[in-house]
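You will see subunit A twice below: alongside subunit B first, and alongside subunit C after that.
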Partner chain A sequence: MNVAISFLKKPLVIALLLIVALLYLGEGLSPGFASADQILRLLIVASLLGIVAAGQNVVILGGREGIDLSVGGVVSLSAIIAGNVMNGADGGILPAVLACLAAGAFFGLLNGLGVTLLRIPPLVMTLGMLGVLQGLLVVIRNGIPSGRAAPGLSAFVTQPLVLGIPGIIWLWIAVGLFMAFMLSRTVFGHRIYAIGSNEHAAYMAGVPVRRMRIGLFMISGMFAAVAGLCLLGYSGSSFANVGEQYMLSSIIAVVFGGTSLAGGKGGYTGTMAGALLLVILQGILTTVNIDESGRQMVFGATLLLLMLFYGRGRAMRA
Partner chain B sequence: MSKLKLNGVSKAYGATLALRRGDLEIAAGEVHVLMGSNGSGKSTLCKIIAGSVRPDGGEILIDGQPVTISGPQSARAQGIGIFYQELSLAGNRSVEENICLAMLPVKARMFIDRAALKARAARYIDLFTGVFGDGFAAETLVGNLRADQRQLVEIMKALASEAPILIFDEPTSALDRAQVDRFFDILRRLKRDGRGIIFISHRMDEITAIGDRVTIIRDGETIKTLNLNETDPAAVIRLMVGGAGDMPASRSSAPAVASFATGAAMTVDKLSGAGFRNVSFEVAKGEILGLGGLHGQGQSAMLRAIFGAGAITSGGIRIGGDHFDARSPRDAIRRGCAYVSGDRGRDGVIVGRPIIENVTPIHYLRDRLMIAHPRSLKEKAMPALAAMHTKFASLLHPINSLSGGNQQKVIIARWLIDRPDVLLLDDPTKGIDLSAKADLFALIRQLAADGLGILLYSSEDAELLGNANRILVFNGGSVTRELTGEDRTRYNLYQAAYEAA
Partner chain C sequence: MTPTTTETLSSHAGGLKLWLERYPFLPALIIVVALLALNGAFSPNSLGYRSLTGLLSTYMALIMLAIAQTYVVSAGDIDLSAGATLSLVNVAIVVLMEKWGGGAGAVVGAMLLGVLLGLVCGVINGIVVAALRLQAIVATFATSIFFTGVALYVMPVAGTPAPALFWRTYGGRLLGLPFVFYVLAALALLLFLLSRTRLVTQLLAVGDDQQAAYQTGLPVVLIRIKGYALCGLFSALAAFCLTGDTASGDPLVGGKMTLYSVAAVVLGGSALAGGWTTVVGSLLGALTIGLVNSLVFFMGTPSEWQNFVQGLAILFVLMAGVLAGRRARA
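Moving on to the complex of A and B:
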């Protein structure tokens, strides 16, 4: 009995149960919501969010109020860079990937340097970076055309690749396996948990805390850049602030998945479930004709509700 | 008639009896010194008088009337003022505001009366004119002051309470000679006014200079009250040490004698840094060198600095034959230096993570591992944990599921997979049970026998006397005595710790 209860209390289990419940609800509200095609489409959208949330996840796990509010800006920037580099030609995909990764790593590096060397709290540093990126987007848009996705990229994101499943979903599965391996089987992963749990003890045990933290922000930037690239493939061409929504939703996905905002506790499997859950919720809100602003309100309220729920749990354990 | 009287006051924290029986009598117009070693109960006694700790039993009388001190507010209302050793200042407020913080002058019931505040603060600031040094003014923010100046502000704040009974808990630790002299002048004036003053210090010269009577407290009991002009420092120390003080460290527990023929494991030459200065010594391979003295006399600061976690301003360190100047713990670990802190919560335990991840970080670093392969890590971790007789159900259980002693064993085990050349132990047995202590010292001796050079700082004299071949006594940041062979007695240890630095 107790085992059953504690099993049901696991964030991952809660998220999976909610996913099933929401799918039923969606099907009830609008028949066809949970059809195979629709679920595949939801999975594509969830993949984009899940990839951004992977970076958000490691930054939050690293602790010391780690959070990356600039992911949305990096997603938008990456979509524009990718569109202009490939400009509708398949030959431009590889240069576009490299350019996006470089840009993501660069802005992640700036975030990391600000947080470690200048000791700016991550919340402030990455919020400032988001502002810088948004300004940069405006400047770029006035100078150059937004560009188009290469057909190959669009096909990768929207068309079935293997076993009738699009490449982006395979990519997300690969990211999931990579994250699971990194967090549980690599020294780097163990050190992420170490600095997130007790930074000073980690320092005294020889963990290069600063370098680690810079690395985490760079990883976050690169994941956001990959998501931006794929988002371009999904929508065909980039438009203003295409990545804006990812800031809040990536954080919610991580928290939903059971990762503590205090750091050092959690993992990526839950985050994947969280991302899927959010996307389904978004789909339901769309079917019942709630517009973007309404969805944002629901998302914000969800995060606050989650904090209430998990925050209390943590206080009781401590 | 006595100003303040305590009869059989006691206090227990859970199962630990912090104060068994506290009897104290403070007369009007005296400076009454309270003496006892770390953990003897004198802080608890002061906290009870100041109202921050409520006693379990006994009675407190002020001017002959039994009183209940329910909290710090109540203590102030009943005429008790205290100087807090850990200071109680607001760093972002000015000197004058801090002095008047407990009783801000108000006009029209809501506004701070700036002029009155300035005038009141000036009365106490003027007492120290000429000795506060550069950069001190009534308007200076306390956060911008030096340590000694902050301590002066805390003294002024205690004086500003104008309380008939004043408690000074180590008020002079950061002050220079002139500042101490001025402070003592003020205390003498207060004595003439008929105030009762409780004074705690670890410096024997200060105690004889200002004190009238002394009460010695040992193991939670007030042992005796003496007139200071009828006694000598040796007698006071003997009372603090207790019966067996003159006996040398027992022969059966004498550790293996180190021989310098095997060469020095670590040489430290005229090392200075934040909290310690001009320290020189040599640890032979296979030697346990003890660091003694009162808490906070530079032992921890020096050990942390050697390990790369604190500042070194001058001097040199060599490990083996090589010059050693670690810029970070990471650097120190790579070069064969190990450090175990007694403050496991802060420096050691990676909370919430499995035992295995708490054992392996040093191994990761020294073997430059990238992949954490569970089976091979388990093979490395098990013998290290077994050497410490660590009790645990599974390597995957979180470290917080273990007792304090077993947690510390896990922390020490992390250094055993890849052996260091030098082991720095910074009060490693703080807060752990007796059997864990025994296991730990058995291991430390084994490590010494294997040829490691070991530096052991302990706040428990028995641990030093029983395990260290030589003991360096720290006092005021530098080594003032070296005790070897027959000289390693509890009495000598206390005497060196309490004499003027």
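Moving on to the complex of A and C:
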């Protein structure tokens, strides 16, 4: 019995149960919601969020109030860079990928340097960086057209690739396997948990804390850049601030996955379920016929309700 | 005995530290003065009575919102719904004032209900974060979505005008002085009175070390809820200033202001981790944002570069604010 209860209390299990429940609810509210086609579409949207959340996840795991508010800006920037580099030609995909990764890594590096060398709290540093990125987007958009996705990229994101499943979902699965491997099987992964749960002890044990933390922010920037690239493939062309929605929803996906914002505890498998949960919830709210105000109220209230299932803080004890 | 020890111990740098300890908003003040001087250098007109009054009435809403944020930050919390609360109070008072005919009675009645609404939003946040123990960043983001939904329900599309009486008073003069000066004076008095209350000290105690505060017997949960209520109250006051400035209701107006309010708190020299905050600093921090924006304009920056230069300048002053604040606390 106790085993069963502790099993049911695992964030991943909670998220999966909620996902199934929501799919049933969606199917009940509007028949066809849980059809294979629809689920594939939800999975595509979830993989975009999930890839951003992967970077957010490692930054949060690394502790010291780690958080990356600039991911939304990087997603938008990457979409616009990719659109201009490839400009509708398949031959431009590889240069676009490289350019996006470089941009993501660059802004991650700046975040990391500010957080480690100047010891600016991550929230402040990445908030300031978000402002810079938003300004940069205005500059770029005024100078050049927004650019188009290459057909190959669009097909990768929206068309079936292998076994009837689009390439982006395979990419997300690959990201999931990579993260699981990195976090549980590599020295780097173990060090993330080490600096996240006790930075000082990790430092004493010889972990290069600063370099690690800079690396985490660079990983976050690069994942956001990949998501921006895929987002361009999903929507065909980039438009103003496409990435903005990912800032806080990537954090919520991480929290729904059972990773504590305090750092050092959690993993990516739960975050994947969290991203899916969030996307299904939004999907249901768009299918249901209520106006925008009701949708927002229900969304906000449901988020709060769902949070009650996860990592609540400890009660004060004397 | 004590004074002499302090004197002998304090070298030159120590003296500076004492100053910073007593007036933690000094770095922010220096930044504001420097920005004012730069503004004046690029456009002497911008230091005129009229432009400064204009700047103050435009940024008064952000000043109030930054102060609102300061009280939750004092206790080590954060409120990402402050902007949404502002929007909700903004549309609610505009709709109420219109419904009740737009006379003096309607304005006062709507404002009273607006204050109440702000307090309710704050208490909801407080219960969610302190009593239900959800993580402040994500929980107040969720409540912000909820409050935005309510605001959209009250007024689905932006544009309902506020009664002339309301914005004419806010933008006008009283006894020969611009009305915003009275707002500022009232704010100063309110802040002074609040600073003498036990609550502000308790908020700082909770923010400094929650466990220690609990063990000394402070009702930590209740104090944090009160902090959020104070935040809701000032968000409502911010909504009044905004309504006076824009003269209309907009259910999404505050969304973008939330992150600016957090930035203003940091610019002012407060520590986001809690336990060390300054409301005067937050006021100056909000002014810094306003002055940076106008400076970038007066420098003749090409319009497409303005946002970028603003972003960069704010990032730099944010860093300066954090570094100076740490020096003061170290």
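Annotations for the structure displayed:
Everything below uses one rule, namely that the second predicted complex is superposed on the first by the 288 of 318 C-alpha atoms of A that agree within 3 Å, B and C clash if a C-alpha of one lies under 4 Å from a C-alpha of the other, contacts with A are read in each partner's own complex, and residues count from 1 in each chain.
Just so we're on the same page, a residue touches a chain if its C-beta (ideal position, glycine included) is under 8 Å from a C-beta of that chain, and two chains touch if they have at least 3 such contacts.
These numbers come from a predicted model, not from an experiment.
When the shared chain is aligned, subunit B comes close enough to touch A:204, but subunit C does not.
Look at A:18: by the touch rule set out above, it reaches neither subunit B nor subunit C.
Contacts of A:153 after superposition on the shared chain: neither subunit B nor subunit C is touched.
Look at A:124: by the touch rule set out above, it reaches subunit C but stays clear of subunit B. When the shared chain is aligned, subunit C comes close enough to touch A:295, but subunit B does not. Which of subunit B and subunit C touches more residues of subunit A: that partner is C. Contact with subunit B, but none with subunit C, is seen for A:189 once the two complexes are overlaid on the shared chain.
By the touch criterion stated above, A:264 is placed in contact with subunit B alone, subunit C being left untouched. Residue ranges on subunit A touching subunit C, taken from their complex, read 65, 67, 69, 114, 118-121, 123-125, 127-136, 138-139, 142-143, 248, 251-252, 255, 260-261, 291-301, 303-304, 307-308, 311-316, 318. Listing the residues of subunit C that touch subunit A in their complex gives 80, 128, 132-135, 137-139, 141-153, 156, 210-211, 214-215, 220-221, 259, 262-263, 266, 272-273, 304-312, 314-315, 318-319, 322-323, 326. Across the complex, subunit A is touched by residues 307, 309, 328-330, 333-334, 339, 341, 346-353, 357, 360-362, 364-365, 369-374, 414 of subunit B. By the touch rule above, subunit A contacts subunit B in their complex via residues 184-191, 193-194, 197-198, 200-208, 264-265.
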